[in-house]
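Look for chain A in each of the two complexes below; its partner is chain B in the first and chain C in the second.
Moving on to the complex of A and B:
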């Protein structure tokens, strides 16, 4: 964790830019990976869009080339089959999870910034939720949140009736809470990397000026974190929206109506109702939803070492 | 030393201590629950005990017969290892060309590699499923339910991911060695094999581990593309979990033991490669 400052963050010496293009370019080296990428990524993606225009069900599935073409009917139907509800659930769940994980992640980064005995252990502990596979996290919380499980046993000790966590209206909050538990270390990692890029002189200058901790944090330190944390927020939100494993393992399929997020809706429509064309349309719509944050993210992320300065 | 430590401290000491304790409790209570519950009896866990009233290692021996976990783990290991090796090696060659040479469409490819990681898995799974299930009709091949079918499906997200990990590493690698070798008349293949591969071995390992973990943690693809004999560990655990409710005697202690066993390879990989993995996580801003 001490290697967070990566070598490529330094600006490359200017003379390096030459010699990139001049030599013969062994583009054939792209072919094994490139052909595979086209075969298994681009063709399926194009096919997904085409499928969304077909009336494809379990009878036509094996001969999908001959399946009837029905234009945009699937898209029209998808809005009558609860897609808007799922979009709302997905988006609100993702934004809420991101909003809560940010302060937790930043706080965790702040408390592990300074060396003290046992810090290594604390840092390792902070990574546990992130390291554990999603399906393990979901299985564990599913067990703890059973009607007779340990959470309700504790709640009843303080006189609170926990009730049902895995179905009914509370399931939405269960999903949010478990997602927060599993996802905050990502923000922590990004915030920690940003904290470590703050020069020591900055700290010393604040100490000399006698600034107390809160103004120092707000005016001096947090501005350093803004860029990286915003980027992390975008990526975290995208990951929340696409998270299938957590709702699937926590609640099973079909999911309760209150946690019927977009990936669950697409999954159930295709693999339980066997309406493949309809679910392809839903999946394409969900891609359009995430396209906005994804576009912003792609503009912000550093793609290339050869592009210097602000040009992108 | 202590004065400089004092200068970089960001929070007052009591607040720092409180926050650390709170955060650790938030993480460690559920984590210790997994361990404690797996050492408890099934009845104890089902009645909501945190601290076991009776301790035993029975769950760890019983689980292998209650659930088909061993098949799942073997399948996961085979499929994910193949995915890791294939995507790390192909990813390295592709990334090398992407980093060192400029050509038309290069930025589009780079952008695509990043973008692909945020595409909904369901959007990829649908066409893959349709192609696989129609392969029997059009090509006379059985793909659904086979390990190699799952392997190909995993490559759809592991390959762009590993390629991107390698791009972020290779662009930080100095060019001098390759240029020297080229002046000595070495061909690109020799440079790749004798210079790039040995120099970027740590990154190749990380790219492979990430690809392995993507497969190991996947439930979506495996739940659709496997049949009972080819189930992965993740699918075995989630089926086992959903079978507990509605059944007569839920065996939650065994389930927690199974959860720990499934988490073990991942935790070991992270412990062994912690430095590299955390660096890779933040450098590329990839998940």
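Moving on to the complex of A and C:
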């Protein structure tokens, strides 16, 4: 019997890197990006914070530099002006929309994963809600959801009184529904991209092992989707929160209290009440309130896939 | 994050505007030759081609008179206009002349960025006398502080279906709100309704409420005091909602209507009155089933619950509606600006503008020539009996608060029951925000 003895290996000589060291990295190459970042993000942000401390409205706008400095008064007032209510509506609506669109998007991606006749057509059809401009989507839904619109006409045929979709408590669910309708293809696209990145060998290996579809989906395929879908969740939620066109066209301004989302509140405060200082304060508060859970989420799901790079 | 974007945009615009100040500033040489006058004016989506042609025509006339060019810049919405005013005001440069909606004039005035009109300025544009006196009502807070020069009027009136009224045995349109409600009841049967009201419109509701209150002697603003929590306002809302909730003289679908939808509904020929419209709706009506069967009438001027106007009531047939021209304080071409204003407020140009676009002249002589027209009679009368909404920078907030009462009441309205207590509590909220807006007014 012979045993294979592994030849003793010498530790390789410490590899001297020929490339740049950490200290020598050409950070100056970041300058153009850095300047842009300062110009289009940091300065306006700083200005927004500054404006939020001023009593800036139509009376003082002309000499805005001299607008009275009122400290945190705008912040105090913003909490009295329904800001928290709006943040709650925005956040709940966004999270809800994302939660519903994720399974729909993934399911749609799975359905169009394997080749079959007409798959191209199905894929194209799935994208329709996504490529329609928000304005068009909202206008069409608004027309359909009129008290005497087609939706209520259908509902009455099955004996249901549709009632008001664009005012009152139900308007919230209208907003969620239309947002879901318009936004799920985004999750679908991200999930589809992730599915395409599943190696061929993985499918073969599962087939060799005789795995049935459900365990394969759960233990093999879905883990591949985790990263992209979690990222999609984040982007989608932020998109929902930012969506101004949809509520504005669906409900008009002033909006019913049930759908007075943050962009609507800031819009009305800025451009109908002309309280620029107050709306800047609202913007800053919302930014902070949303940035905290966002940070926690980013830490929790570790979207940073290049961890090795990050660890250096 | 949405907030952040909005704030960034706002701040960005401000930075940009400040930066532009440095490169702005026109020439200041004498004479019109080689100069350009910039005019900001609302886009006309209904007649875009005719509007282009009109601009060309005016430019040519202006060039012949002064040697200077007119450059028109259009805005698509009130919001666009406001943004333009904001950036120009901050930057101290931009259009020389602005066409501004009447109800927005107080806000524009409050920025202090427009030329106050003294005797000299009025003389330059042909004198105050050339205007329909009512249209001057919203030029400024008082005679000494006027900034707005009336350009066109769009008074509000009712449209009524002559056949339906006749069939119901009504020989002339209502002149009091109670009478209107009564006639509407007479006409409502089957799929035919007495009134078309745009309950979900973002502007209509406050116009009703203001009108009824003013007729009852409450102009809503008394100096620095908001008077929304007042029985006149309560009564106005009760009447306005009551048409649908109690009297059932309005199609229940109207809780979802904006003004154009109400026009469309009336145009089908199944409604007695369309309660708030202007001459610009005439084309739509003439394309519908109601063609040849409708007429304009003055809105009622006797408040709800009364048979005659109280002593302190105002004969407010309409809000003072239309556009004013404002000359920017920072303009380096003020003389040219006033020459332009003179040109477009002259009788001939005003009549031509009316023929093309349906906006009534602010020029008194021009308006007079139209009053003999049978269809337009009530409209020209409404133009003369238009009353200005309170001249305060807080008005946009008050208007918003009044509309909000209607917006938040729609679900109750749809259910067919809205109690006086519900109205009262919503009005109380509106009173609060109106008062706080007035407190801030400088």
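Following the convention adopted for this analysis, the second predicted complex is superposed on the first by the 247 of 312 C-alpha atoms of A that agree within 3 Å, B and C clash if a C-alpha of one lies under 4 Å from a C-alpha of the other, contacts with A are read in each partner's own complex, and residues count from 1 in each chain.
We adopt the following convention: contacts are C-beta pairs under 8 Å (C-beta built on N, C-alpha and C of every residue); 3 or more make two chains touch, one makes a residue touch a chain.
The structure presented is a predicted model; accordingly, all values stated were derived computationally and were not measured.
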First (chain B), second (chain C), both or neither touched by A:45: both
Chain B versus chain C as contact partner of A:164, first or second or both or neither: second
Residues of chain A touched, compared between chain B and chain C (which is higher): B
First, second, both or neither for A:270, with chain B first and chain C second: both
Partner chain in contact with A:203 - chain B first, chain C second, else both or neither: first
Which of chain B and chain C A:59 touches, first, second, both or neither: second
Touching partner for A:290 - first (chain B), second (chain C), both, neither: both
Doubly contacted residues of chain A, that is, touched by chain B and again by chain C: 40-41, 43-45, 47-48, 51, 61-62, 64, 146, 148-149, 238, 241-242, 244, 252, 262-263, 266-267, 270-271, 276, 279-280, 283-284, 286-287, 290, 294
Contact set on chain A toward chain C in their complex: 40-41, 43-45, 47-48, 51-52, 57-62, 64, 90, 146-149, 163-164, 166-169, 238, 241-244, 252-257, 261-263, 266-268, 270-274, 276, 279-280, 282-287, 290-291, 294
In the complex with chain A, residue positions of chain B that touch it: 4-12, 16, 19-20, 23-24, 26-28, 30-31, 33-34, 37, 45-50, 90-91, 93-94, 96-103, 107, 110-111, 114-116, 118-124, 126-131, 133-134, 136-138, 152, 155-156, 159-160, 163, 168, 171-172, 175, 179, 182, 188, 192, 213, 216-220, 223-224, 234, 237-238, 241-242, 245, 250, 252, 255-256, 258-260, 262-263, 266-267, 270, 274-276, 278-279, 281-283, 285, 287
Residues of chain C that touch chain A when the two form their complex: 1-12, 14-15, 79, 82-83, 86, 89-90, 107, 110-113, 200, 202, 251-253, 255-256, 258, 261, 393, 396-397, 400, 403-404, 407-408, 410-411, 414, 437, 440-442
Chain B-touching residues of chain A, taken from the complex the two chains share: 1-4, 6-8, 16, 19-21, 23, 25-27, 29-30, 32-34, 36-37, 40-41, 43-45, 47-48, 51, 56, 61-65, 104, 107-108, 110-115, 122, 124-129, 131-136, 138-144, 146, 148-150, 152-154, 181, 186, 189-190, 192-193, 200, 203-204, 206-207, 213, 216-217, 221, 231-232, 235, 238-239, 241-242, 244-245, 248-249, 252, 262-263, 266-267, 270-271, 276, 279-280, 283-284, 286-287, 290, 294, 297-298, 301, 303-306
